[in-house]
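Same chain, two partners: chain A is paired with chain B first, then with chain C.
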Partner chain A sequence: MRAAIWGVGAVGGFGCGIADLASALKQGASPVKTVRINTIEASFDAPGLLADTAPLADRVDRRFLRRTEHLTRIALLGCLLASEDGRRHNAPEGNRRGIILGTGYGSTCNAFDFKGLAAESDIRQFSPISFSNSVHNAAIAHIATILKENGPGLAINHFDMSVPLALMTACQWLDAGRVDSVLVGGADEYSRIMACHRRRLPAPGTPTTDPIIVGEGSAFFLLTRPTDRPPPYGYIESATTRVMNRQPPEPVGDAVYFVGVDGFNPAADQHARRIGKTAAVGVYSPLYGQLPAGTAFDVAVAALSVKTGIVYPSVRGVSTVGEMKAAQNLGDRRIHCVKPGAAGEWGIVSLADSLTCATNGVKSD
Partner chain B sequence: MAIKDKIKEIIIQELDLADLHPQDIQDDDLLFGDKFGLDSIDAVELVFQVKANFGVEIRNMKEGRPALQSVNALAAFIEKRLAA
Partner chain C sequence: MRPVDPVAISGIGCICSAGHTLNAAMASMFRGERRFGPPSRFRHPLTTECPVFAVAEGFFVPERFEQPATVRTVQLALTAAADALADAGLDRTGLADKRVGVCIGTNVGGSISNQAILGEDEETPVPYLTPDQRFRAASPSLSIAREFHLSGPLQTIATACSAGTDAIGLAALWIQSGVCDLVVAGGMDELYEITYNGFYSLMNSHDGPCRPFDRHRKGLNLGEGAAVMILESADSLARRGGRSRAFVLGHGSTSDAFHLTTPSPDGKGLRMAIEEAIRTAAIPPAAVAFINAHGTGTPDNDRIEAHQFNALFPGAPFLSTKGYTGHTLGAAGAVEAAFTVACLEQGRIPASAGFETPDPDLAAHPVSEPTDISGTAALSETLAFGGNNSVLILGLKEMISP
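Then we have the complex of A and B:
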């Protein structure tokens, strides 16, 4: 179940494109913006790592974007960037392309914006355009239409497991010969509900405070079956979710671990601290923020690491027990992107370059 | 704000025609002709927006078809209902 990575597209608080992500990795920070949150109780300003979709204007006719909402635009921009990156690397041509979006929140942010969502409201007071964008598969439908792709399209909602499941499905589609390539990735938009939740956490400086703030964005990948040519970003060896009764996966062999510590699930933090004592651990969530589809960004960082041969220093900034404080050579090590789910499962996406695959004889799931 | 100006604002903002300015919409322009590229989904959204912004309900196709012809027609429809 191995898939070649030919293109990477990412947009988020760090900027737009893989070069901006690489730049943020080197600087160890992303610019934080302010979001005005209005609740029944009060209005307040919350920090956010926000995605700017303005670059779509250079890529897509404005008329086609007219009825798309923010989640669709974020995901569309990620898809376009991955596709452009694939062309730059002369990705294998194919007629059949699938699109898969993993999203934890899906279109719920849009749904919460429905006017008169309160219980006493009348269904006839809902905006039809807002309603149509709240449908589960709306983003993929818009993206497929705009990109003129007529292959299979799928949206996967499984909160933190959405991205591993999306990548696993993409690999299965390629394995089965259902498609020649897949644009697959994760996207989530800024959740004002999570911003409210984080506001109730203890003040900065207290031991339980996690500084990672709410983010949004997308990271997409252009995948194909392995060919004679080595792909620029290596291979996805496996992508899976494992129900492990809340027990984290044990480190195996000489590998690098990117742990999705985003302040939502303490298991991630505990896991990073524990395996950091014996293994190389990177945490990059401060660059993209807290969002269920965050694994997609860790996979993008892993793809960059495979391409450059460099593992970037961890940018978490707190509780750095065992985390990488300086860049390392990747060598022939694999990279495992790991994140816990809310129900005791773990999502694991493993990447390696072609040489590693050949010499280590890595078995796929 | 005058009703016609408000209608133009709704068309630009709620139907997301951000490359248009109010002065680009003439009062007697056909809303659902080639000029603006609006379609039936926009018509349904416009019906919703008229209810939300003016409290005026366009109840069926018989009312909607003439009322949604132009800014002039829609403004006249709204004024008539508000006066009733």
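Then we have the complex of A and C:
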């Protein structure tokens, strides 16, 4: 189960495109904005790492964009950037392309507007696309329409395991010959739901929580089966999830571990420290923020590291001997993106710059 | 895509308005019963009620389960999964030494977990639940895994009305690729205020009992339910001496790439999905004994389905079972796949409920009375918002002769 990475597209609080992500990695920070959140209980200002989808205007008809909501625009921009990046690197052409989106919350734009309505006229005020755009596969449908792709489309909505599962499915589709290439990634939008969740979590600085700011954005990848040409971003050697039962995976070998510490799982810090006892560890979540699809950004950082041969310093301190406080040469090490899931699962996506013996980076499943 | 290895179905559990078990539902459908009524579990503002097909109360027996379940979609999921595992002759002990995944299609289960936080902030003072607590409480796949002590992978598919079909197709791939020995696969959704109001806003709801493929069809009725299939590798079956009830022979899925709510008028996406399913099953179209259509009763969907059935399977009998169950959304593909296997086993299909007057604009018409079928393979297909088309070929035997 291996896939070659030919293109990466990312948009988030750090900016738009893989170059902006690289800049943020060098600076170790992303600009924080303020969002006004209104509820009946209270209004409050919340910090956010927000994605700017304005670059879509140069790529997509404005009339089409008017019929989309924010999550679709975020995912569409990441997808188009990955596709453009793939073209720049002369990605192999194929007949059939699949599209897979992993999203933790899906479209939160207006589904709950349809709840608690008092009169039939309240329903009639909605345009026909209001409800349609709240369905979680709306983004995939819009992307397929823009790209004119008739291949299979899939929306995976399994909270913080959505992205490892999306990548696993993409690799399986390629292996089985269902598709010749896949645009696969993760996306979540900043919403009132996420802001309220973050506000209710224990205050930053308490022992079991993370001061990670809520984020939004997308990261997509153009994958194909391995060919005789080396891809610019290396290979996904494996992508998998398992039920963790509180114990994190045991690291093996000389590898680099990117751990998705985002505050959803209070024990994620401990997992990072445990892995860091025997392996190099990096945490980059402060650049993209707290969002269930965050693993997509760790995979994007890993793909960038494979391409450049440089592993970026950890942006968030995890107080462990393996913490990467300065940039390192990747050498021939693999990168394992580990996500300790909030509900007791874990996901691992493993990248390498060449096709060697596959490992998913843990001693046992 | 190349032909794939058949994947055994060793157990099935199904619950819907037609019955609390697959056998009960089949018997009810062959009797021609249609159990619909006004929505009773949520408020709605409609002056003309659109009927729904609700699962009769009493289906969930808490004593059967270790885990508490308060969300109705999870209750449906656990009930169908327990029935499917029992049908397969499996219990927690029998699952302990296997690599068991859970692959579930749902819509409501994917979003209902977040309504409480908005309710909390806007209306109801309820105890705060963290994101993981909400996910644990409302995720059908996670609930099934925790109840039966499964190690994963766990996956939740949210491709709207084709989610159940996609989940079974993906689960078959997990078996074929060796990721799992066994997968608990299916779909489930409960009747829900948001979907009820949402479909009405689309002007897709019929204010009487739905009439799929009928000249006077006006739209769909919503329903609720769950179906779970146990997909199992040949090795796992052989080791435990289990039996295969049926097989997933092929799966195909495509995107229309046309419009968010309107299917491509020429049905190109559906045709491509059917062709992929047939190709992967490595059977000739003539081997398809009948078709379990999506058949929502909406004018556009029914038209393109009838057109493609006539073009690809001329003369093949077909039906919609949504006249018995309503449109169960994320559950539909799984519920209808379960019906398809049961019909193959019985050698007959029920009447397409709600169909009375042929529509001269349709290229083919469903069966209007219970009909004997000959053959051991059938097609079950679903269409979804966003132009997602997903098709399963199911069979009683691993190899199907023309």
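Definition applied: the second predicted complex is superposed on the first by the 318 of 365 C-alpha atoms of A that agree within 3 Å, B and C clash if a C-alpha of one lies under 4 Å from a C-alpha of the other, contacts with A are read in each partner's own complex, and residues count from 1 in each chain.
The rule is simple: contacts are C-beta pairs under 8 Å (C-beta built on N, C-alpha and C of every residue); 3 or more make two chains touch, one makes a residue touch a chain.
Nothing here was measured: the structure is a model prediction, and the numbers come from that model.
Peer 1: Looking at A:A327, would you say it contacts chain B, chain C, both, or neither? Reply first, second, both or neither.
Peer 2: Neither partner.
Peer 1: Counting residues of chain A in contact, which comes out ahead: chain B or chain C?
Peer 2: C
Peer 1: Can A:L147 be said to touch chain B (first), chain C (second), both, or neither?
Peer 2: Touch partner of A:L147: chain C, not chain B.
Peer 1: Which partner does A:R67 contact after superposing on A: first (chain B), second (chain C), both, neither?
Peer 2: A:R67: touches chain B and chain C.
Peer 1: Quick check on the superposed pair: does A:V32 touch chain B, chain C, both, or neither? Answer first, second, both or neither.
Peer 2: So A:V32 meets neither chain B nor chain C here.
Peer 1: Once chain A of both complexes is superposed, is A:A255 in touch with chain B (first), chain C (second), both, or neither?
Peer 2: The answer is neither, since A:A255 touches no partner chain.
Peer 1: Would you sort A:V243 into first (chain B), second (chain C), both or neither based on which partner it touches?
Peer 2: Touch partner of A:V243: chain C, not chain B.
Peer 1: For A:I129, is the partner it touches chain B (first), chain C (second), both, or none of the two (neither)?
Peer 2: Both: A:I129 reaches chain B and chain C.
Peer 1: Could you pull out which residues of chain A sit against chain B in one structure and against chain C in the other?
Peer 2: On chain A, the residues that contact chain B in one structure and chain C in the other are 67, 115, 124, 126, 128-129, 132.
Peer 1: State the interface residues of chain B toward chain A in the complex, per the touch definition above.
Peer 2: These residues of chain B touch chain A: 14-19, 37, 41, 44-45, 48-49, 51-52.
Peer 1: Under the touch definition given earlier, write down the residues of chain A that touch chain B in their complex.
Peer 2: 62-63, 65-67, 115, 124-129, 132
Peer 1: Okay, in this complex, where on chain A does chain C touch?
Peer 2: Listed in rising order, the residues are 1, 39-41, 67, 99, 105-106, 108, 111-112, 114-120, 122-124, 126, 128-138, 140-142, 144-145, 147-159, 161, 165, 168-169, 172-173, 175-178, 192-193, 196-197, 200-201, 240-243, 264-265, 292, 341-343, 345, 365.
Peer 1: Okay, in this complex, where on chain C does chain A touch?
Peer 2: These residues of chain C touch chain A: 1-2, 4, 43-47, 107, 110-111, 114-115, 117-118, 120-123, 128, 130-132, 135-136, 139, 141-142, 145, 150-160, 166, 170, 173-174, 176-177, 179, 193-194, 197-203, 253-261, 268-269, 272, 384-388.
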